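Several structures are given next for inspection.
Both complexes below contain chain A, partnered by chain B and then by chain C.
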Partner chain A sequence: MTPASAAGAPSAPAAPKSRRSVTGTRKAVAALFLLPALVLLGALVVYPIGYSLVRSFYDQSGDGFAGFDNYRALFTDDGIRTALKNNVIWVVFAPTVATALGLIFAVLTERVRWGTAFKLVVFMPMAISMLAAGIIFRLVYDQDPDKGVANAVWVGVHDTFAQSSAFPKAHPGRESPLRAAGGGAFITKEPVRTGQVVTLPLVGVAPDLMPDDAERAVAARPEDGKITGTTWQDFTRGKGVGKLGGVDASELGYAGMKIEAVKDGKVVASTTAAGDGTFTLPAAADGAQLRLPADNFKEPYNGLDWLGPSLVTPAIIGSYVWMWAGFAMVLIAAGLAGVPRELLEAARVDGANEWQVFRRVTVPLLAPVLAVVTVTLMINVLKIFDLVFIIAPGSSQDDANVLALELYRKGFSEDRPGVASAISVFLLLLVIPVMWFNIRRLRREVRR
Partner chain B sequence: MTADASSLTKAAPEPRAGTAGAGRRSLGSRLAEGVSGGLVRVFLIVVGLFWLVPTIGLLLSSLRTPEDMAASGWWKVFTEPSRLTFGAYEELLKNDDITTSLVNTVLITVPATVLVVVIGSLAGYAFAWMEFPGRDWWFLGVVGLLVVPVQVALIPIAELFGEIGLFGSILGVILFHVGFGLPFAVFLLRNFFAEIPRELLEAARLDGAGELRLFARVVMPLGGPAIASLGIFQFLWVWNDMLVALIFSDSGSQPITVALQTQVRQFGNNIDVLAPGAFISMVIPLAVFFAFQRQFVSGVMAGAVK
Partner chain C sequence: MRSTSSTTIRTRRAVRIRAAATVAAGALALSLTACGGDDDKDANGGSGSGDKETAASVTLPKLDGESLSVAAVWTGAEQKNFKQVLAEFEKRTGAKVTFVPAQDPIINFLGSKIAGGQPPDVAMLPQPGAIKQAVDKGWAKPLGAEAQAELSENYSQGWQDIGKVGGKSYGVYYKAANKSLIWYNAQVFENAGATEPKTWDDLLTTAQTVYDSGVTPFSVGGADGWTLTDWFENIYLSQAGPEKYDQLAKHEIKWTDPSVKDALTTLAEVWGKKDYVAGGAKGALQTEFPASVTQTFTGGDQPKAGMVFEGDFVQVNIGETKAKVGTDAKVFPFPAVGDTAPVVSGGDAAVILKDSKAAQALATFLASPDAATVHAKLGGYLSPNKNVDTSAYPNDVQRKMAEALLAAGDDFRFDMSDQAPQAFGGTPGKGEWKALQDFLKNPEDIAGTQAKLEADAAAAYGG
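Take a look at the complex of A and B:
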């Protein structure tokens, strides 16, 4: 990039006649116009490339020649290897997911009148910083389902389909007729008989965790040919146990507690307690032991550990897609506007359904746009830094590591500039095909 | 006759949602279309919510007291809207670190944008309309620099700035942003300026305008749309940057992104700083986004290769 070599290049494309200078400018004037840009580019972009290249072959102090040692570290250093692996995951998934969503959004928004409003909403995250997006998603991914909206939704969905447990931490109190049956279940010490009234008192459920439909517990009445009983919280805050093993007026029934009658290891009958804690079992349960199965007492489901070691990278990719799907959508929508409607209509007239039109006509016609969008996002993802730096908590940052982050760590906190330079040269090598493609395409245009 | 034919072919592809063909189609297919149209709407509404909720969450979190934030999720505000407060914002604006860094953000962003536009226009004009040896090769060289990752320059420039005393200064951050903003600026503006009709420039030349006047009075005004796109893109790029400032600024010259980043480590304890801080840092970009949608979109679309 010295003036001599560029000016002396033998096969410089001929200056197109049509854009010959209108002013007959002297070369000195041209040089003045170009000087600020070329000096800054030379000092801030070109020189660093050369410097990094040279630096990557020297050791960490910069004094000794190190050959390819720094590059070998790319494949032996644990931190860099994790970063490489994660970068591959990023480059494969983030651009494809964002492009696929962009395509779907672009096609579907054409069918609604408020498509522009929708596009505005999805494109908006492009305007904000990755730092702000990072903070936004730290909030979203908060582990506590009472704070993080991701887990709030996830737990909500989970509990809709899987029965949530009602009585975590409930356990028998003193002199209880119940004993632990293993696996978190409780079982009566003695078998029960028809006509008998069974009491199944437990303690330990925090008042605010009692089911909403729990009513004041009622002692059951004996019934012929049946087993009746009550299961309730034998404890009231401020009043203690009252009469131990007896139903006191202030105590609440375990509404919804599941009860099984077990005879010889087999469940012969089962029921669920009413709001006041009473239950009734048929004669079949005669001689069985009553068991309160373990799923009454499971810890409540707490959602996913989004920012834990195993999910952190997919979670951050999710936030990236949130930011960049809008970019893909807008570019693809622009491409879609250029697709001749006649082609789509012709396919429909020929009897193709919407899916076939999409699959066989729209997507092939959009292929060049889709390729440009995907490649652009890939270059972008290669250098991903801010989102990982902000969203991954300290405890899982090693698991979420990417090359740009590792470069920052090696270069600026571990003081290993040789290795950091090797990473930067590696990143540069990865974008060179795109650089070459850009130049080739423009060379044709410049010559025109 | 030809007019008739063209209007017909124009009309044919127009019918949306199959209204023209409805007479021929069976009730079943029309029903299926209605259902799928409804599904499309529901799907897009759900997706729109997915995109809106995270930002709304940040906004509402910033309007709650730290005690409320520690106790429950932001969606609880819908049951007790009276508990919303601007207290966190008031506290934040009393925090010198934050206010200084907001000023720094402006002090970095405005010059970095103006310089890129001016220097990029000068070079773009020279590449488009001046004659000098190897012009197109030089230009291709600049285009090649478009995709160079900023990461390549972090260590070398940190050492360079350290030697010449720019490390930790606002000027250093500005210079770095100008350097990496220029390839795109030159590329965009050269292509735009090259489309200016030759006659316009010649007419101005005949009126006796010199090179500088030609540039200032004819080329720059005509380049308005491209300059607007470039300016907005560069402005947002620099405003939103964290990495460059993280390395090249110090505690006195750091912009808002870096000031907030230092708080992230204690995430959870200081959400009352982070949430309003992040929202304040988003206000200007969002205002720019809504005010200049068209230029914003074209700028982002042209410049995303960075």
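Take a look at the complex of A and C:
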């Protein structure tokens, strides 16, 4: 009957009657059309949420009711607490920094000729998957300056101001006349006398890493009224120490090694070894101990520990910003296009400088867009997983932990699905207010 | 990088050796026998096994028309080589065997197969824990009399026992891994005039010599916690002895035990010494296992380190460098810390999931020296089978590793962290992994490390 009346609907006079029947039809048809979507939504979204909720009240095996135990674990487990703390850091910093950068890019690119090209470049990281970006940044932050760009730059800057030394790994060998003097320096055990020949053998520098001006070491000759000696690498390639404490044929001198004579804690004389490792000190050094100061042995600067416990979260946030600043920029640029030019012009005519225009006119006009971008990014950041999982090395994964990662670890590697479900429910609760805010805002926009 | 590292973890778990050290001749001979027409041959009765293999030590039933499936996580060359072993089985019995590639963790893979009603007939399970799980769930079927007989003839008691659950044999450890090896850069040792050490003290002397020559002695892949647990396990097994090792593995003694303190103190003699570990503790903690191997075998006279400790699967990563195993990259067994050198091992056991004559026959075959010899010739494989002639191994390095494994007799022990609950022994940034990483960072804090290990262990074993 309904289809027939529906077919007859177009006839104008019967309008009130047919409308009633059309409404009836609509309900049935609407339900019919909605059904596939509802089934999918139910099976893929509602059911899993419901099941997670139920599962979070059961114990590890899923057989026994656990009450709120899993939720209690949520707030007592150290790992989860770190994750929670890190998530807060993420939510506060990542969206704001990304939005701020996006705003700056958007405003600036509007002014330049090649703005579109620039935007394209900034947006490009969005085309890469999180996983690939993670792998890229794992390399960027590599500790070894030869591999990691971040440390290469950092070390480059550092070494411009502070040179590293020539013999970073040199150290006294067996039965050495030297002992450690603290702070990385070495000092002779006995005081030296004039006319004496001093040997200062060290080991631990590979022949290829010797300074270029190093020559075969030569045993020094005694000189009256002076102290002479040799400092050299007491190790022959392939043969070991050779004659212990004696200069062997192919052993190299420590060219440029600084030597100080120390008496009662004061430096009375100092010198530098020649290419063959020999050195001479004046009579003033008589009775002093010879010290090889620590700056001979300074380790080469190795850069920052980007992925170490303290810097790992900021480092990963940096990679996130690299990816998402482009996204923020594109949305903000779209918003900017809608800002009435006259207002900006008017402000300029009124004598506002560029900063004032930006601060007092552009930003307030963009506020709704900025809010949407920030909130969208916040939702995105709450579930951050892949970047942390990939970039943080196993040793600092605990320090970089976030809720989504902890969820995965608890659920799949520790086999504690109850706790994992509790974390997922908790995450859902965290996302809901942000979502609600976003939806309300969207509604208001539509109404306007 | 994570992706590679997690594969490595799996590599260790499943003890996969992908080294393509295939001996061409052996492979050729086998592929010839494996190629078509074997059905006809088998139609001529059991003579097939009689005329070809003089060394056939195992009698297998005629299984014409039967078909079998075998699941394992092996890929690449490892899978190819294993298929040749299966081909040999086909040739001898007339059964048809298909290889089912599985994913890690295989126990979950099998779970879905069983739920789907199509379990493979035989599966290769890596850990004793996995076998137990399969038995508890009623998936695994006990070995029959023939397989048992073969097992007791060819395997030392220790290898038989780890395949047992509740006194019944379920698993045939077909493949083994030797995790008590130290690989070294031959050039570095030559430059330093260093020699292969036999004892821990020798090792320290060797390390000092290498250090004196200007090369950092050890490379440690500290970003992956499992390499650190393997260090500890080797020292502990050798120093405290197998009984204590078993007790600790079951958490019958606490981690605060003095024996653990001794082992950590010993460990600190390497980890705690300035410049003994490549990149320092911080650098090591960011070095993943594959990188820890490659940095030892690249860089000419000046590699980042002279030695790297880990199992036979290190070969796979050496394969990524230009170094050649046996000439540029050499190996010596982990030195004895206590009275005897430790042998910590891993392995894959064949477990029957669908009981049939054919499945039993395959288990029997895999327990025999015949199967192992076929596989050994192809390289990249170690057998715990004591009746395999070590001359079957294609090179000296492989032979040395196999001999060390067999020489341990019943004193070898299965990887302790693999026996522990996952939360303690197998989770990045947690439990034993994390505690030892912290210990690497601060090797002076022995008591604190012990306390942390015990607290984590108590939580993991108790819950």
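Everything below uses one rule, namely that the second predicted complex is superposed on the first by the 260 of 448 C-alpha atoms of A that agree within 3 Å, B and C clash if a C-alpha of one lies under 4 Å from a C-alpha of the other, contacts with A are read in each partner's own complex, and residues count from 1 in each chain.
Convention: a contact is a pair of C-beta atoms (placed from the backbone, for glycine too) under 8 Å apart; a residue touches a chain by one contact, two chains touch by 3 or more.
If you're wondering where the values come from, they're calculated on a predicted model, not measured in any experiment.
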{"item": "First, second, both or neither for A:383, with chain B first and chain C second", "value": "first"}
{"item": "Which superposed partner A:169 touches (first chain B, second chain C, both, neither)", "value": "second"}
{"item": "First, second, both or neither for A:254, with chain B first and chain C second", "value": "neither"}
{"item": "Which partner reaches more residues of chain A (counting touched residues only), chain B or chain C", "value": "B"}
{"item": "Partner chain(s) touched by A:279 [first = chain B, second = chain C, both, neither]", "value": "neither"}
{"item": "Contacts of A:122 with chain B and chain C, given as first, second, both or neither", "value": "first"}
{"item": "First (chain B), second (chain C), both or neither touched by A:416", "value": "second"}
{"item": "Which superposed partner A:425 touches (first chain B, second chain C, both, neither)", "value": "first"}
{"item": "Which of chain B and chain C A:322 touches, first, second, both or neither", "value": "first"}
{"item": "Which superposed partner A:401 touches (first chain B, second chain C, both, neither)", "value": "second"}
{"item": "Residues of chain A contacting chain B in one complex and chain C in the other", "value": "131, 134-135, 138-139, 142, 389-390, 393-394"}
{"item": "Chain A to chain B touching residues, read off their complex", "value": "1, 6-9, 12-13, 15, 18-23, 25, 27, 29-31, 33-34, 36-38, 40-41, 43-49, 51-52, 55, 105, 108-109, 111-112, 118, 120-132, 134-140, 142, 146-149, 152, 322, 327, 330-331, 334, 341-342, 344-345, 354, 376, 379-380, 382-383, 385-386, 389-390, 393-394, 404, 407-408, 411-412, 417, 420-421, 423-425, 427-428, 431, 434-435, 438-439, 442-443, 446-447"}
{"item": "Interface residues, chain C side, partner chain A - complex", "value": "1-3, 5, 190-193, 209, 211-216, 222-225, 275, 279, 282-283, 285-288, 301-302, 422-423, 426-430, 433-434, 437, 463"}
{"item": "Residues on chain A engaged by chain C in the complex (per definition of touch)", "value": "60, 79, 131, 134-135, 138-139, 142-144, 169, 171, 173, 203-209, 235, 237-241, 302, 305, 307-308, 389-391, 393-398, 401, 409, 413-416"}
{"item": "Chain A-touching residues of chain B, taken from the complex the two chains share", "value": "9, 12-14, 16-17, 36-37, 40-41, 43-44, 47-48, 51-55, 57-58, 61, 69, 72-75, 119-120, 122-123, 125-160, 175-176, 178-180, 182-183, 186, 194, 198, 201-202, 205, 210-211, 214-215, 236, 239-243, 246-247, 257, 260-261, 264-265, 267-268, 271, 274-275, 278-279, 281-282, 285-286, 288-289, 293, 296-297, 300-301, 304-305"}
